[in-house]
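In the two complexes that follow, subunit A is the common piece, with subunit B as its partner first and subunit C second.
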Partner chain A sequence: MRKRLGFVFWLAVVYLVVLALAAVFADVLPIKDPAETFPGTSKQGPSLSHWFGNDGVGRDVFSRVIYGAQVSLVISTVGTVLALIIGGLLGMVSGYYGSRVDRWLTATLNASLVIPPLILFLALVLFLDSEAKRRIFILVFTFVLLSIAPIARVVRAATLSWAGQDFVLAARTLGARDGRVLFREILPNVAPSFVSYSLIIMAGLIVVEGSVAFLGLSVPPPTPTWGDMINKGRTNLDVAAHISLMPAIVMFVTVLALNFVGDKLQQYFEPRESVL
Partner chain B sequence: MKQAVRDQLGRIVAAALLATIVWAWIWRPPFSWTFGVLVVIGTVGAGIADGRYALRRIASVIPVLVGVSFVVFALMASLPGDPAINILGPAATADQIAIVRTELGLDEPFFNRYGNWLGGVLTGDLGTSIVLREDVADGISRSMTPTLQIMAYSVVLALGFAIPLGIWAGYRQGTKTDGTINNVMLGFLATPNFVLAVMLVLFFAIGGLSVAGNEIGFRALPAARYVPLGEDVVLHFKHMLLPSLALAMGQAAVFMRLLRSDMIATLRLPFIDLARSKGLPTRRILWRHALRPSSFTLLTVVGLTVGLLIGGALIIEFIFTIPGVGAYIFLGVTQRDFIAVQGGVLVISTLYIVVLTMSDFLYLALDPRLRGREVGARA
Partner chain C sequence: MAGSGNAHLRPEALLSARDLVVEFPAAGGRTVHAVSGVSLDLEEGETLGLVGESGCGKSTTGRAILQLPRPTSGTVQLDGQELTELDEDAIRDVRPRLQMIYQDPISSLNPRRRVRDIIAEPLFIALENVSRRTAMAVWQDRIGELLQNMLRRASGVMRIVGLLASVAFVLWILSETVEERAAEPWLGWTQVPAAVIGFPSLALLLLAAAIALLLGLTWVLLAVMLPFSLMSRQFGEVSSAVGLAGVVVTTGASAFLLWRTWSSFGGWAQWLNSGGLSLLTAVLAVWLVLSMVKPERAGASGVATTLSAMVVLQVFYVAGLDGGIKLAVLVASAVIDTLLFRWVLRCYRANRDAERERAEPRVREVLEYVGINPDDALDRRPWEFSGGQAQRLSIARALVSVPQVIICDEPVSSLDVSVQAQILNLLEDLKNLMGLTLVFIAHDLAVVKNVSDRVAVMYLGKLCEVSEPDAMFAQPAHPYTELLLAAIPQPDPEAELGTERIGGELPSPMDPPSGCRFRTRCPLAAERCAAEEPEMREIAPGRFVACHTPLIGEPAPARVDLATNAEGAS
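Then we have the complex of A and B:
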């Protein structure tokens, strides 16, 4: 029986791809300059020339949302990929070797979960200075730190269930080294579960980045970020709600789409496990 | 006698918890007292239920606490820049800097400083805030009340949404109703709490969007500010409703999904068929028979989400200008007041660890099925 992913799934995928492409090619696309203030358009609602309207000082909200996607997507993607490599490796080693290694790794990972993420983040923000490049580096570093433990747990659980399978035993009986067993036998089977989980982690990171930007601690202006746009728009919420509303909607749809695609992929890959 | 206590342990512990809450509500003792009493109840309860497990668990919590304190201290100690210059400002003379450095004990070796600090922490001394010139422990315990209120209200609200919806969706599994509830809750799960907070303010506090001259929204609730419970009860809840809702809905979605899947599993069990064949009304079967055995995962996760709620409370406090712990730490961060931040992070992490341990303990005391075997909500 073939499972179908459904229309909404592909809609979400198309949305994410379009958003990513728009963010990557923002400089060559025929959109307005995000820093340019258009005279006389302050707080104007959506119109044909400015699709998402203009913000408090007359900048084009649409192009700022697109440029804001750059920050969100770059930070969350890099964070997720790094966390996936480190967390995945830790999880696989922990699940495969078991016993003492497992106990130490699990204890360390659990201990790292006891500092609430945003609080840890704030503590690290003390290291920030206003230089944008260094800030991105610290943001990514923190995001990796935050997502290693959850990823490692999921991968560990998946590895545990595969490490006991007959084909792993067969490979070991044939004299395969641990490295080979881990990467050639177990990794291909574990991969689907952590790829789909990583999308959900990525959605989480977009939210954290948004929260941090909302508090004014992410990449400093003039670089537009979604969280900062939503926060700045609050002062005009009663007269020009679209300034906050537009980036908020885009962020909501992005997070929803990532969660949805991740969920669906997880369901899609599941039956393969039960066949074995 | 002892056996009798063990048999009724769940009820006794539940009654003790309830009594503590009522006591705290009426007499308003300092936060640390209430918390201490709750910890004692949990520990004693778990000790009676399974003494060896309780001891082992406590033994494993202590190194984690020490580790966290070390990480927090090391992090703050490795901050770039001289804290003495931060305090005095760039115009300070070398003599002044030397005096402040001695006062803060900055000239001593790292481990001595850590030892001194930890000694102070154990006796309730978190140091003096650099910017506010105030005892950090006092500042934190003052800010604790609003934060705990928001967290408590939002857990209650989240459960208030999640329990009926979870039961209903589980009962009507696979139908359109189930699908609708699931999709709506998925939407809330994807809404960052600060976005939800801004939306709530927009639609319930300042009149919403105006389309062709008509307002789509209300002006029923205040948009910000904190009113203490002791000052005016009605106003207090009016001001707390939007912040708590903003924090609650994401949690409600998580809780509802958990309860739904556990309900589906429970409703397949034979005792439900029995209840049905006795002719009991559906409502009674769902609420009295199926809910209790389905709610244990939910309870564990409620304990686990405390950490998330603290992070979320921070941003909610920022939006609604509520003087809570999150706001305290945030102020410390923006003003580079590392003593305040250090104290705040330590207190919150410690609370989180203790709450997690307590939720495991209570779980053990409340559910007789778990006694004598390895439990661990975090395993």
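Then we have the complex of A and C:
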């Protein structure tokens, strides 16, 4: 029986690809300048010329959402990839070597889970950040720090279960080094679980960016970000809900799509052994 | 009864284990005494059956012989070589001579790999371990080979791109060194040529630079040399002296570049915006090259990770450009990206296929030995096989490295009866064909009887009896052996159920009984059994038993040894 990914999966993938392309090519796409204010259009609802309407000072919400995607996507992708490499490595080492290495790594990682994310973030912004330009790096840095522990735990659990299999023992019996056992025998089996998990982490980071922006700590204006747009639209919720709603919907759909793709991939990659 | 002693050992054994002790720490500071002083030996071409209940330490003994994990104490000698004293590197070289076949054939084969790779794995591992030892020489050979390979495969377009890239690289180096960039955090116009040629081609160049680094050329030298080499299709051999000098120079140059960019820019963010980005790319490029030089180590996932990391960096890079130029750069990058990725993957595949091709004749041969049709099997994955076939694959993998001793850890226990016979016959044939020596671990006495030249009975980490199978089955000497034999199910529905089976549970290996370990369940247990541990002794020719009151032969002579008593009682 072949497993199928289904129509909705491809729909979600296409959505994500289109969003990513739009963000990358935002400069050259025929969309409005996100900084330009259109006179007399303040708080105007969606129309043909301004698809998502205009915000409090008359800027085009649609183009700001596209530009906002740049920040969201860069932060979530880079953050996840880095966290995946570091966390994945730590998790595999911890699960494979066991005993003392495992105890220390697990203790450290668990300890890092105790730090409240928001406090850590505030501290880093306050102490490291003097210049707005660097804010995006601090965001990525914090997100990496925050995602390492959860990823490492998932990978460690998967590694533990695979490392106990006879084929790992067989590889060692053949004289394989630890590195080879880790990367050739264990990684291919563990990878599906953390690749699909990473998409869920990615979705999480987009949401975190939103909440951080709500505190005014994300990438500072004039660069548009989704969280910042939702935050700014808050004051006009009663008269022009679309200012907050549009970026919120896009964020919602993006997060949903990422989660969905992650879930589906996880199911898809499940070892076929279960079929036997 | 179940006791120690070495009376059954022979002097001219191929494999000899003495007083093996394996202990594992358990919760609460307690110790699991999995194996407590087992001595075994095997002559060349012999099959030793190792039997006992679940949990008696049979498998642990087998693994301790392989030094996985190393025994707590005791010695293991293979062909006169002491294994317990070897360091990790040396033991890796010995392991191919000592192979293992596992109980669960499915779990002993990696579900994500194809049969051709699984069976060839011992060869790849041997190659890797050898190449590590003669690292420098082999690396140079292989990198040279790879480079030739890359150049041969570079199409005309690739060569022009390479040429342009090197021009861009020189421009970039110039702009790096000439312009004072501290005031301007994002990319300036001098970077545009490099950017328009495309970030990936920069990466391509740095990739080539990384090869040069490994060969021992400096980046700058390369920027001059690469176009010529690409044109002439020749890249000269470099001697190790030049190589060494090159490594020193390159390391110095990179350190200088790093320091210069770091000191001229305020922080790491800005550093990343300028030269740092390229340096990161260089690191990635080196990684990529390594993964292509050793494809069987890095795997497609490694290459894919590197490539995606490059794309992420590219996003940063492009984001720093002006809007007008951005489109041009994006389009150029997309085209060059595609070319580069295709080329890298093709080189990667070519290298991997070359390794596979080299291994294939051997793999086919071994598969035919074990009765599997290579044409059907090579490209399938383990879970597409039945249990019996998978066990054949497992045997094939053990044979590839031409072992002297194979430890079969219950190789037929999870197979159905008709397949069991096939596998046993196969092992027997291979044994005769290749002169193998086998340790056959099993709990099925009937199986052991048929294959073994000698049988050792284990109970709770100790040996009870070592005998020829026929004599043992006809007339067991140890009470535990007798009970084991009585427990063999008879395929006769009318037969009386053996009510006198072994009563009770196996005692905990964390707290083994004093004296003879079997005394708690032994029908003949006497006071002496609790006080004194029986020694292995010969009671009849070729029959050794560790029991004070064996079922045949004389009872053990009384021994007044306070030290032993105290030890046994503790």
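In this section, the second predicted complex is superposed on the first by the 267 of 276 C-alpha atoms of A that agree within 3 Å, B and C clash if a C-alpha of one lies under 4 Å from a C-alpha of the other, contacts with A are read in each partner's own complex, and residues count from 1 in each chain.
One rule holds for everything that comes next: a contact is a pair of C-beta atoms (placed from the backbone, for glycine too) under 8 Å apart; a residue touches a chain by one contact, two chains touch by 3 or more.
Being a predicted model, the structure only gives us computed values, none of them experimental.
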Quick check on the subunit A-based superposition: subunit B and subunit C, clash or fit? fit
May I ask you to decide whether A:Leu113 touches subunit B, subunit C, both, or neither, giving the answer as first, second, both or neither? first
Given the touch rule stated above, what does A:Asp238 touch, subunit B (first), subunit C (second), both, or neither? first
Who does A:Asp27 touch here: subunit B (first), subunit C (second), both, or neither? second
Which partner does A:Phe252 reach: the first (subunit B), the second (subunit C), both, or neither? first
Please work out whether A:Gly210 is in contact with subunit B alone, subunit C alone, both, or neither, and reply first, second, both or neither. first
How many degrees, to the nearest 10, separate the directions from subunit A's C-alpha centre towards those of subunit B and subunit C? 100
If you've got the overlay open, could you tell me the nearest Cα approach between subunit B and subunit C in whole angstrom? 10
Note which residues of subunit A are touching subunit C in the complex, please. 24-25, 27-28, 70, 74, 77-78, 81, 85, 133-134, 137, 165-167, 169-177, 179-180, 183-185, 187-189, 191, 271-273, 275-276
Show me the residue ranges of subunit C that touch subunit A in the complex, using the header's touch definition. 63, 66, 68, 92-93, 95-96, 98-100, 102-104, 106-113, 121-122, 125-126, 128-129, 185, 267-269, 272, 296-299, 301-302, 305, 308-309, 312, 315-316, 318-319, 323, 326-327, 330, 381, 383, 394, 397, 401
Given the complex, residues on subunit B that touch subunit A span 64, 67-68, 71-72, 75-76, 79-80, 186-187, 189-192, 194-195, 198-199, 201-202, 206-209, 307-308, 310-312, 314-315, 318-319, 326, 329-330, 333, 336, 338, 341, 344-345, 348-349, 352-353, 356, 378
Where on subunit A is subunit B touching in the complex? 110-111, 113-120, 122-127, 203, 207, 210-211, 214-215, 217, 227, 230, 234, 237-238, 241, 244-245, 248, 251-252, 255-256, 259-260
